[in-house]
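The next part holds the structures, each set out as structure tokens.
The same chain A turns up in both complexes below, where it pairs with chain B and then with chain C.
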Partner chain A sequence: MNLSSIAAFLNPVNLFSIRGGIHPETRKFLTAESAIEEMPLPKLLRIPLQQHIGAEAAALVKRGDRVLKGQLIGKARGPVSANIHSPTSGTVVAVGEFAAPHPSGLPVPTVTIRTDGLDEWGPRLPRLRPETASPAEIAAQVAEAGIVGMGGATFPSAIKLNLRDRYPLTTLIINAAECEPYLTCDDRLIREHAEEVADGAAIIAKALGVDEIIFAIESNKPQAAAAIAPFNHPLGLRLQVKVVPTQYPMGSEKHLVQMVTGKETPARALTAELGVVVHNAATAHAVHLAVRYGEPLISRLLTVSGRAISRPANLRVRIGTPVLDIINHCGGLTEDPERLLLGGPMMGQPIATQRVPIVKGTNGILALSASEARKEDMMPCIRCGTCVQACPCGLTPFEMNARIQSGDLDGAARVGLMDCVNCGCCSYVCPSNIPLVQGFAFARGKLAEKQSRKHQQEETKRLAAARIAREEAIAEKKRAAMAKRKAEMAAKKAAEAAAAQEAAK
Partner chain B sequence: MFTAAASMSALGLGLGLLLGTAARRFHVEIPPIVDEISECLPGTNCGQCGFAGCTSAAEAIADGSAPVTLCPPGGRDVALQLAEITGTDADLSGDTEEATPLIAFIFEDHCTGCTKCFKRCPTDAIIGAAKQIHTVVSDACIGCDACVEVCPTEAIVLREKTKTLRSWYWDRPDSAGTPVLQGGAQ
Partner chain C sequence: MTAPTVASGPHTHAVFNVTRTMVAVMICLTPATVFGFAQFGLPSVLLFAVTVLSALGFEIACLAVTGKPVSRFAMDGSALLTGWLVAMTLPPWAPWWVGVTGSGIAIVIAKHAFGGLGQNLFNPAMVARAMLLVALPVPLTSWVAPVGLAGGPDLMASVAITFGGAPIYDAVSSASVLSTLKSGLDAGTSMADILSQTDSLRSQFVGVMAGSLGETSAMLLLLGGVCLILLGIITVAIPVSMMGTLFGLAALAHVIAPDRFPPPLFHVVSGSAMLCAFFIATDYVTSPVTSKGRLIYGAGIGGLIFVIRSWGSFPEGVAFAVLLMNAATPLIDEYVRPRIFGRTRAGKPLELGEKP
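Up next is the complex of A and B:
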């Protein structure tokens, strides 16, 4: 017995740790005991064609078309993209642009469907038997079903399943940490559908070609851990439950891997380099439905919570349901919310209007009352270093902020701006209430813009050079044609003169 | 007669040799800075700076007769790059911090399809044909104003480039006050 196995035997949980992090009040009690409800169909569904990282899907329907539940309405375009399916049956009333569920509220191509209440299924995808299916078949089915990472990153899952081609993989970690305060939908999903989630995890493991599945759950969800524990041999693979400490941001992919395996992922690298792939519990459930039943991703679980919501709940909601309908289903708002967020309170994004729809990556709707949202005046930085201690990535937020404030964005990038995961721990702990993570979001956007402008400049330079070359080629051709004509004319004249002379003789 | 010719030839030969060696010895290359500067400039020869093209503008910057801030399509970034190359301070006082890039927009009602703008565009950013309504490829447009000048019906204006979901990003957080962007449960 070596040392690490003794340590694992004595203390199976806290074998490793992550640095920094915070322990916010979780407030999960608001919804932790509310069973999953099926949200009734709304009248209108607005389905954005861009719900994932990558290229937007191409619309396959037009105004007036009747669509059936599960019908493909947006086709994935390019290598990184995802299919979009109709969440119910009804009529397409518009294919155009609508406000995105995004802080900017800018328009995004959207298909609007008037539901007919029949909820009539179209043809489903052919079912697969994961016991016999090849990894490539499973990945193709997942791609066909339009499944994306449902923890919020919305990266197309099929691409992650194909990582087996490029990296030697050993472990699948199912991320059920759910470290964001308020959110309980993954917790409820595992408690109520443990067997299905375990099966989905095993299907993913088969597709990845790994035989070790680790289910990582935070210690504040003992019921979920207990619920999944009996299903420890899905599809003959070994499934282990690891209870990780309740610590934000435990659910961050790289941090979870470090917590579970003790290995730190290099900066800007994939966890696959360590042989580990992380998928969210909700994604595993969606994979189960797609492979076993041929159901595409058309609905998802989300938590509706916050003190400004009359009846906080965990709901199964069709993709494209407007936020307003969901809030009304939960009894409406008790007060004007100080902040209306999609996602959790730490990393969630505010929305401009309640008319925007929820998408594949939306795991929560939070209406925070004034007492829950912090709003205090900003004070100067006192160099206390609390943010440095809290940063789970080992960065120096105050220094990055100072550089950003003085306009030195490249300098901020040199001290690690690009390694920030946007968790917001620094802003949370700052005693001077400095909007640190917000400044980093700005700086990253600014740098990306600079980069794209530079790229554009190079492209226009190329266009201009091409134009000049083309014009010169045309002029050259003209000159050549002219010269040829001149020569011909001269030859003709000479011939005529010669003929005339001949005649004169 | 012979002496005169001989002395003149000797003088010519001597001076010629002297000049030749001097040219070899004290050879000055065309300042590479001009190349470096033209590398930075957009290279579209739009003429907004008042020079005939990007190369003559680069020469003017190199000999110090033109300011580094002369290139409107390049904007602040190019000015800063040029300042670094030439070792001068870019006078950005006239330039507000965020000069949003402009691009051309064609009012289709007014467009007669004369193809004048189409012929002028240095980056081929205008698509059109005779008696067809023209349109602007916004990704290729550098906002150089050349098409606006030639349009006989004043159908072209320069507009701010609209933000898309891809290009949007958060504003600098309100330095005077509260964290306004993200939540943060207490």
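Up next is the complex of A and C:
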């Protein structure tokens, strides 16, 4: 029985289909057979206080503090935020600003820890028994552990677990599509820790109150699909493996839901409104560790790959490890890379310097050579329509681009700019090498700016109007008081005059 | 360490680019072109060379005048392909200035006057063909019988034909299948007699007949077209809808009035229909971008070809059909759009549970 027939065997149920998409060279062979290695502790860890969507965490430590592994060093602030824990034991050497792992390289509040090599655990979170714990307890534990969506979106997971309060949920989909080329860390995680991932998925399902778990894996990872298949009843729930076609962007949440369930999420809505919640496989593993062992999210798996890396690998790395240390651990660079990225080649972000740290959402470090990047000079659009065929969202990228280039941003929005998911299929296939996605990002930025300016103007106008009204009210009051006093005075005078008259009589 | 790149994804790219696409199309055109050379001898080679080179010359001149990067744009292959397609549609022994004029119309008027690569509303090769046909009806309808490379004129005689304006001998001058049909019908000849005068459907399919330089062999053009589809350069929508409509209408007419209308396969294998279906109508710039739009566009061309061939004043209507549908392309693209994910066709967000 070969692997593809196993994949077919594991996939007895009907799947649906998604529109468009592309089939880039996956280049996963570079690391698909590299077992997960533990990356040694670096000397310094730089832990940004904002590694998630939402408000940044508030620092709980100061320079000179000794911290222990798992100790809370950043406290979630506001409704959408996440806790941050020390990845190892050591001394805080700085709490200040440091370059963000983002193309801008702008400084963000960062805690820098000098590791002491002891890797000494502090008190862990209390363990939970998911068999008996309530959904709220599980969600609280996940929030406490600072878990965020580890596929790259970094949305605080606990908030997604609490969706049960607002929507009638039926299905949990574990996203193990890993559709980005090069990345193999989810594949390795499932192959090597299938039982733990399945358990984590079941814990999430318990918290959501659903009893159907669908494990979606792309067909190019038959070993992972085979590894997870035996664990089909974690915590007594039904876990079903669905092998989905290898087609980018299969891992896009709404597209995966459509592929697996046939349901199309309405524009501007959440998949939860269809009763479906999607969590990443790596998130499920982190949930398993947090609930069963009380371990906060302090490390993650990532793939280091690309032709410019001398020894591509899948590593377990502490959050905050500088990119430079990781690249050096992988034998350094063989050449000056054309692109140095965090994440996959389709949606990853270039970084300005190797000194930036990896964060909770970093699933890969790629050093791409020129032959991999295939960067070419831009040509005029020839209206070939390849972008229209490739767009998984049913948009007309060339037209949006033409409108943006001519300054018609509202026109671009009218034909669907805001429905774009930035997957990059259009730019990938464009024979004229037009940076379409970049143009869309620019236009959205401009529109947001315009929106906020408009908002500001309206706000100013409203405040001015309120002030005039207020002043008017005060003046009115004054006038009224004056009139009253005048009347009183007049009455008094009249009374006095009357009294005087009386007296004169 | 490289200088920081501020670029959004994707950071990799598919293999195909504009130049590779153009080159692939030219490779797919090669069998039919070589067949044309073999049939019509050295004058056709000279005409082809003059047309293609002058197209390149006009392209370079226009790029220089408009201040665009000459070396990069001239080498993108688009001008070569345009010149090539113009040459394919010319009578093979036409004098050199016909080829040069055609290239000039295509590159200068139809392409660069509209703003260059990607901006033209009309297919440049078809603009050239239509303008030449109207302006120079005699050279554009002076067909020759297939003489073969060996049986044709030698080099000196060929140079005289292409560059010297030497008259075409009566012995080799011939009529194309469609003009035979047209004149036959106009003269009131019966369909059976007309069909007996023209080449058999099989030789029309193979291409051993009088006709334009590169249009005679429906078989080799079909082969090239299938290769284009297999390479993913064009989709099946336009060829299928165009040929399907042409065949369907011709079949219907033939059933109703077999005396007045030739059999449907006759339409498919004669004239420029095959070249048009795979290489002309599928031109990226001037055709719609969605599959549904392409089906409409192809059907429009097929229908117009049939109408013009049957009732128009010209025996062949491909160029006019393509130009008319080119004009309709912006309209088709405006109204035939893909449905946006999560929205209805009208652009409103789907209701929960609503089937799009």
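Just so we're on the same page, the second predicted complex is superposed on the first by the 440 of 505 C-alpha atoms of A that agree within 3 Å, B and C clash if a C-alpha of one lies under 4 Å from a C-alpha of the other, contacts with A are read in each partner's own complex, and residues count from 1 in each chain.
Methods note: a residue touches a chain if its C-beta (ideal position, glycine included) is under 8 Å from a C-beta of that chain, and two chains touch if they have at least 3 such contacts.
These numbers were taken from a predicted model, which means no experiment stands behind them.
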item	value
Partner chain(s) touched by A:354 [first = chain B, second = chain C, both, neither]	second
Partner chain(s) touched by A:373 [first = chain B, second = chain C, both, neither]	both
Touched partner set for A:50, first chain B, second chain C, both or neither	first
Chain B versus chain C as contact partner of A:465, first or second or both or neither	first
Chain B versus chain C as contact partner of A:451, first or second or both or neither	neither
Touching partner for A:405 - first (chain B), second (chain C), both, neither	first
Partner chain(s) touched by A:134 [first = chain B, second = chain C, both, neither]	neither
Partner chain in contact with A:438 - chain B first, chain C second, else both or neither	both
First (chain B), second (chain C), both or neither touched by A:429	second
Chain B/chain C common contact set on chain A	24, 103-104, 181, 339, 341, 345-350, 366, 368, 372-377, 424, 427-428, 433, 435, 437-438, 441
Chain A-touching residues of chain C, taken from the complex the two chains share	1-2, 4-18, 20-21, 72-73, 76, 78, 116-119, 235, 284-286, 288-291, 333, 337-343, 349-352, 354, 356
Chain B-touching residues of chain A, taken from the complex the two chains share	24-25, 27, 50, 100, 102-104, 106, 108, 181-182, 339, 341, 344-350, 366, 368, 372-378, 405, 424, 427-428, 433-435, 437-439, 441-442, 444-446, 448-450, 452-454, 456-457, 459-461, 463-468
In the complex with chain A, residue positions of chain B that touch it	42-45, 74, 77-78, 101, 122-125, 139-140, 142, 163-165, 167-186
Chain C-touching residues of chain A, taken from the complex the two chains share	19, 22, 24, 103-105, 181, 254-255, 264-269, 273-274, 336-341, 345-354, 366, 368, 372-377, 379-385, 388-389, 391-396, 398-399, 415-416, 419, 422, 424, 427-429, 431-433, 435, 437-438, 441
